[in-house]
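Below: the structure, in structure tokens.
Per-chain residue numbering starts at 1, and chain names A, B and C are given in the order in which the chains are listed.
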Amino acid sequence: MRKSLLGNAAFVALGLVLAFMPLSGYEEGIVALLCINCIAAMGVSLLTGFTGIFSLGHAAYMALGAYTAAIMTVRYGVHWLPAIVAGGIIAVLVAWLIGMPTLRLTGDYYAIASIGLGEAIRLILENWQSFTRGARGFPGIDSYTNRAVSVGFFTVLGIGMFNLIYSRLGRELKASRDDRVAASLMGFHTPASRMKALLISAFYCGIAGALLGGYMNFIQPSMFDMMKSTELTAVVVFGGLGSMSGTLLGSAAITSVMEYFRDISQYRMLIYGLLLVVIMVLRPEGLLGDRELWAFVPSLRGGVKRSEAREGGEGR
Amino acid sequence: MINSRVLLELDGVDMFFGGVQAVRDMSFTIMDSELAGIIGPNGAGKTTVFNVISGVYSPTAGSIWFREQDITPLMAYQVNRLGIARTFQNLRLFGRSSALENVMTATQNRYRYSFRENLRGHLSPSYRPDPDYSYSFVESLLHVRNWAGTEKRIREKSMELLDRVGLADRANQAAGTLPYGMQRRLEIARALALDPKLLLLDEPAAGMNPEEVSALNGLITGIHRDFKLTTLVIEHHMDLIMEICPHIVCMNFGAKIAEGTPEEIQNNAEVLSAYLGDEPDAHEEAVGR
Amino acid sequence: MVNGVQFSTLFQQIINGLSLGSVYALIAVGYSLVYSILSFSNFAHGGFLVVGGYICYGLLMGKGFNIWIASLGALVGAGFVAALTERLAYKPIRERTSMTLYLLIASMGVSIVIENLFVIVVGGRFRALPQNTFPSALFSLGGNVTVSAFDIFSLVIAVTFLGGLQLFLSRTRWGLAIRAAACDLRTAGLMGVNVSLLIAIVFFVAGLLAAVGGIFLSVRYTLYPQLGGITTKAFVAAVIGGLGSLPGAVVGSLILGLAEMLTAGFISSQMRDLVVFSMLVIMLLVKPAGFFGKQIGDKI
């Protein structure tokens, strides 16, 4: 309990620092973008790192969030806050539809289905000219995502995510990740567990997409292609599967590196691909493995083995 | 006092895998509060019987009754929520999680259950999470209200069970790194944490040395006594079962060949032949006696 | 007369569809073959196809070889690249961990590397193989029914290669070993099969078949570094047929090819991709394990 409060307080402090630290306009933009990327990465991390489901279509949920928020604010004059939340909800609904048939299967079915879903959503957005303005994109979105909004969403969703993994849901998801049969025979309906993870991750990606729309003022279907989905998953793997703080570190690292190499985009992608292979070969467990950052701090660890840090509530 | 209520009943259960019949016309009854055993040589189909009872497979024919309700069509998780917990012959712990976390994962999943009449007049199982060990999604998300108290209760209950199987000092060790015998006991603690009505132990002594086996004997009889828990044990080593189980079912080639008290089993010609080996000579010798 | 026109369109689109489907089948079969042995989705498979396409183009245009030698070079080259990828990127991971997720991500990395390597080295331009490379005449089958010789040609070649694969798998010692490994790789290893070599052979065969597909696709759609993206459809076909099943991959591919071409012929060309992905979703709803996939037998 004490550690939970401590963790939540630390997160709020991080949020306050990010929101009020004096920065140049350019740096403020980077912080906002970083927070958006972190929100999406946390969603994917819950699904891939904690539940063991591999997705190659989560950019589609970002697209759904982005277009929902954009259309609601621009066409119907809805306030940006409910529009962003609606973006998350639409993503959840679609995730539920796609999850129903695919999450009952194991293996790479969800991965392939998620490619299909991702492509299908992109194609619909491209072809539904009258509603989405098609492939040329959707301009004129209000810049409602300033640094404060972005950091605010990040803080709230971050606290929620860490609280979730340090509660019964966290243990449930890890159980169905580690041994589906054992989990079933402990009374977990594993398809339902996987569904919970998918819906939550879709919500996070939907929100991130909606924020991205307000940040860029312009969205187009090609921003949410399979490359973007790959990037989301790669960030999570880079940070360490099963480590939420690792995901945040990984996201921060990759966002910075991508920003740094923005000018040489061809080589950037080549380096990025090579990096993925090299990480998988040399350090597949990622930056932090399946440990959280505070597991490396002896005073928080309480002098016991590493697994202590991942136990409900106490590890924080 | 012996309660003479029937807890579990198998009625003519057949299980085919492709063309292979793993279980043939299996019928037996387990009374409430019984400590029963299933013995049989390797490959006799014992684990398949457990898999059918616990809902991993649907039997090809026959039915399974638990607390006077037909549980044959239920999924594994439903069967479990109705109060049947089990361990595994090939250990299935969450290896990277700590011993304590393994047990907590089970403790948080206690269900209170009953059978309720549905719209079509059939009885269907109904269960809801035990409110003492459960809390809502919002409480998880915000760590408010019952979160702290319930997490504490789950942790304490789990520690208590770890202590019961003698693993309290290993609570924070990753389950996969525990010695083999301890992993077996951890599985028992994890099954107990579900607060079952029926405990199925699949070869609990496999891979243990004689001292560990005798400690296990004490553990199983102790749990049976203290928790008043109906327990069904599978073993292919006769000794353990003969020692602790008053009621024994003996299987060979998927079928029941004998049932009764340890004395009855020991004096049964078919059981002897099943155990004395596959060679025709030994077989005839055993039957001839 | 209207009926006549419709009939001829129907017939033409069926031939087109079978032709396209058989090319998908070449790709899907290789992907399924790898999946059946290592149970991971090799997303670099599309890269092998592009490698094959560019080698063929390079030998044909740059070195002036004839199409047969260029194709042969492409097949061997792509097979070699596939086996090399396995050796350099996947083998170290396989030896370290049993988590197929890491292989999956490495394969995505490889796919990105191959694509961008071509962008940097040869540029992102669309390149067309010369018109007369393959038979391309249209010939009439009486009435309004015309068929392109290229469609018939690619159908025949694809069927030949698929038949060859079938013979390889059913008649040769290595084929038998591969089928055994598809059941259980570890056991096959314990039985004395050289697993390393076997996996290299599987990747070589997969890369070779992808190159055949790559050459036909680069004639059909021109050649560019992102052409490998088309493998997504082969993945979809493999899922529709049942992941890891070779007959499933072929059947799924043919269905997909037909659906695509019939949509293009009767509804609109823009809708064809949408139809493909809708079919995936419908299939997953109706028969989630695909036509030939293992149905889930347990109740977990």
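Everything below uses one rule, namely that a contact is a pair of C-beta atoms (placed from the backbone, for glycine too) under 8 Å apart; a residue touches a chain by one contact, two chains touch by 3 or more.
Computed from a prediction, not measured in an experiment: that's the story for all the values here.
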{"item": "Innermost chain by mean C-alpha position", "value": "A"}
{"item": "Greatest separation from chain B - chain, by CA centre", "value": "C"}
{"item": "Cα-centroid distance, chain A relative to chain C, in whole angstrom", "value": "32"}
{"item": "Centre-of-Cα separation between chain B and chain A, whole angstrom", "value": "40"}
{"item": "Centre distance in Å when chain B and chain C are each reduced to the mean of their C-alpha atoms", "value": "48"}
{"item": "For chain B, residues contacting two or more additional chains", "value": "55-56, 75-77"}
{"item": "Residues of chain C whose C-beta touches two or more other chains", "value": "300"}
{"item": "Multi-partner residues of chain A (each touching 2 or more other chains)", "value": "181, 184-185, 190"}
{"item": "Chain A - residues contacting chain B, complex", "value": "1, 4, 8, 160, 163-164, 166-169, 171-172, 174-175, 178-179, 181-182, 184-190, 290, 304-308, 310-314"}
{"item": "Chain C - residues contacting chain A, complex", "value": "35, 39-41, 89, 92-93, 96-97, 99, 101-106, 108-113, 115-117, 119-120, 229, 232, 235-236, 238-239, 243, 270-271, 273-274, 277-278, 280-281, 284-285, 288-289, 296, 300"}
{"item": "Residues of chain A that touch chain C when the two form their complex", "value": "48, 52, 54, 98, 100-102, 104-105, 107-109, 111-113, 115-117, 119-120, 123-124, 127, 180-181, 184-185, 190, 226, 230, 233-234, 237, 241, 266-267, 269-270, 272-277, 280-281, 284"}
{"item": "Contact footprint of chain A on chain B as seen in their complex", "value": "54-56, 75-77, 80-81, 85-86, 88, 92-98, 100-101, 104-106, 108-109, 111, 134-135, 137, 139-143, 147-148, 151-152, 154-155, 172-174, 190, 194"}
